[in-house]
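Going by the order they are written in, the chains are A, B and C; count residues from 1 in each one.
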Amino acid sequence: MSRVGVAALLLAAALAVIVPFFLKPFGIYLLSMWAVLTIAAIGLNLTLGYAGQISLAQGAFIGIGAYTTALLMQIGVPYALAFAAAGTLCFAIGWILGYPALRVQHHYLAFVTLAFTTLVFLFLRNEEWLTGGIYGISGIKRPVFFGWSTAKPLDFYFFCLAVLVALSLATWWMLRSPWGRAFVALRENPIRALSLGVDTRRYTLMAFAIGSSLGGLSGALFAPLVQFLEPASFGLNRSFDLLLMVIVGGSGYFFGPFVGALISVLLPEWMRITEGYYLIIYALLVMLLMMFCPSGVIGLFERIQRMMRRRPSGLAEVQTS
Amino acid sequence: MASFIQLLVSGLATGAIYALIAVGFTLLWQTSQTINFAQGEFVMLPAFFVLGAMSIGAPFWLACIIAIGLSVLTLGVVFKFAVVDPMLKHGVLPLVISTIALAVFLKEAVKDFYSSQAQPFPTLVPANDIHVLDAVVSTQSLAVLAVAIVTVVGLNLLLQKTRLGRSMQATAQNPTLARILGIPVRRMVLYTFLINAVLVAIASILISPIYLAKFTNGETLGLAAFIAAIIGGFNQVRGAVLGGVILGILDNLSAAYVSAQYRAAIPLLILIVVILARPQGLLGRVEERTV
Amino acid sequence: MTAVLQVEKLCKSFGGITAVNDVSFDVREGEILGIIGPNGSGKSTLFNCVLGQLSPNSGEVRVDGRVTTGMRPCDLNRIGVSRTFQLLQVFPQLSVRDNLILAGQEHRGSMFSRLIGQSDAGLTPTAEQMISFFRLSHLADEQAGLLSYGQQKLLDAAMAFMAGPRLVLLDEPAGGVNLTMLGNLRERLQAYHAERKATFVVIEHQMEFVMALCTRVLVLAEGRIIAEGKPDEVRRDSAVIEAYLGH
């Protein structure tokens, strides 16, 4: 990473730790939401940015993770186990969904995940005996670890931040391993990758399953953050939102999800002046972004960096040609 | 038996509409690798063109013509030149994302600039019931069926019997070869966009009396288009027609026999089953493995 | 003499056009077989059928006696068949060294062991060997996308050799490469062949390259083999001359 990049990272880390102390509870809540959604966005970035597949089910996986955690806690399961269960369940579902869908050439996963999200929504809404239907589940408690309660906003925020850092490190470590190299190969030149023995289908499936699992873990944090769950939070709109987070931040870049999630969480607040037209403006901006800089915000920064580095030698090129 | 016939007819009518939407979707995919996630919203929009034209005094038939024209302009020409062309050079993924964003944009635009309430929409023929074999069948269903059949047959004739149509098919199957043969590929691609615009406009006019014109229509209709196209087999226009009809009939049957709560799940389950068991669809060819 | 590759009665048609028409041949261990022929003779289609990119309509492909018709390219690679490409050969954003490590990593251990093991799958020494053999040492840490076309071709060959394959199929290796680099490439291929007793199959347009490199040549025209033998014999064969001149 460049020196500018390292400096930016350190600054961001410092802000993430210090700023919450100066915020009102709602501000802390927004920051916690950012941390939670970034985890889901990191997962989607694996699927989309590294394996090149469109998943419209990330919202549903957050929902499955959230409801699983809430229901398990209701019957007395400790939070840590519920957290693990949410992740494992979503990994399994992701594998089962992806296995047939990824055998085919086209973007069938997009349609399968679209259908799946709608099915999950229907299930959550209809099975009132389990999920509370449209009335949802309320009164979800925040976890307590060895006597330390995360009930207060600031405490819960640092808990979310800790989980985010842990999962980010795990993802970073995975991307540094041969798997990471295989993912890049998958994205850059799948035909060449196949000819070198890279089982593209297996790796794509793995990326999707892990991505979905991260969605589930995000949901496991979402439940105690919001403390009230309803089916409408986990439908297509949520999936689109996450997709846009990954794209706008920069798909395929490690820090893309962090940036994208921040923009997405803060945007409605900034756009309050536009009085509800913000979705239209957001959609327009995304289309423009796709046209001019499909590699998102981080991609834009990289491009600017490259242009600035090229400037001195660029002059020399002009002189010799 | 009577109610079965009723269901069958109304199912065929709905199916015919789905077929129109699915055919347009498949054509775009085949000729220009455009996966149009906004297809549902494309069907939602022209109804509002009609309502808009009528609100400034145009009679229904004129409003429909205006709507088709506007549709060709915006969903055909503008869509191709302003959205698809600039995006395609970045690859398929950015284009798909853009159509997703476009869907959101169109939906919100209608909600904000027209109305969030469902609007009643005029039927093609005055509502009337006729009796066929003991069953009561609405004239609207028959009119819809008639228009849809004429459109599909007309489109088929265009594609199979005219030189233009065959050029378009050649472009869809192998653009490089088509170019070598002297076919103006870019113009052929433009024509598919225009045809899609006409198809979605007609579908819009046919389906809005039933669904009412509402900004959320795009979600269900879009899903129907994708499912119909996949069931039928992505690389076949005939497949899209078959898929649409099957879907329409199943949709109406399930309305009668499946609980209202899970009715919407039937097409989704069918989609998952098709992708599991026969991903190339009912009529599709198994594609050469390139990866 | 063991046959590493056996192609038997292979046929492939697209719609009405028969691209490969009842082609059979063997590739013996240690030889460098060249497959040449005018445009449209079916060379690439034949290649892609052998390599699993296309499924033949009929016929069989065997590697070391084992039927491999229709096997996925990645499975084929794991039993020891490697290839180079005409275009798009390398992974532009990875460094030269990483490209090579990638080329070998899928042969080390299981998918899971690769996740928890070393980040280079223990392949750095082999990669370094390959880098110096192909004289790319000064470029080892460069992004592969920044290399010149000729250098990418060398890297492509190096990647194909990383896993120590039984059989290497080279798809138009000389295409678009300047003369000096071409000589370089040919020399390195011959050196590798001599050192490791490798078996190559080369598809090529450029006659000089094939004549200088190959030990045996097959000539394809309109989907059929029309001549076979040592490079000099084939070059003088009247049927071959006509096939080329006729186009």
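What we mean here is this: a contact is a pair of C-beta atoms (placed from the backbone, for glycine too) under 8 Å apart; a residue touches a chain by one contact, two chains touch by 3 or more.
The structure displayed is predicted, hence computed values, not measured ones.
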Taking each chain's C-alpha mean as its centre, the one farthest from chain B: C
By count of C-beta pairs in contact, the leading pair of chains: A-B
Averaged-CA centre spacing for the pair chain C and chain A, given as whole angstrom: 41
CA centroid of chain A to CA centroid of chain B, Å: 32
Centre distance in Å when chain B and chain C are each reduced to the mean of their C-alpha atoms: 46
Chain A, residues touching no fewer than two other chains: 191, 194, 200
Junction residues of chain B, two or more chains touched: 289-290
Chain C: positions in contact with at least two other chains: 53, 72
Sites on chain C touched by chain A in the complex: 51, 53, 72-74, 77-78, 82-83, 85, 88-94, 98, 101-103, 105-107, 111, 114-117, 119-121, 159, 162-163
Contact set on chain A toward chain C in their complex: 174, 176-179, 181-182, 184-185, 188-189, 191-200, 202, 206
Contact set on chain A toward chain B in their complex: 48, 52, 54, 100-101, 103-108, 110-112, 114-116, 118-119, 122, 125-126, 190-191, 194, 200, 236, 240, 243-244, 247, 251, 276-277, 279-280, 282-284, 286-287, 290-291, 294
Parts of chain B lying in touch with chain A, wherever the complex brings them together: 35, 37, 83, 86-87, 90-98, 100-102, 104-105, 108-109, 112, 219, 223, 226-227, 230, 234, 261-262, 264-265, 268-269, 271-272, 275-276, 279-280, 287, 289-291
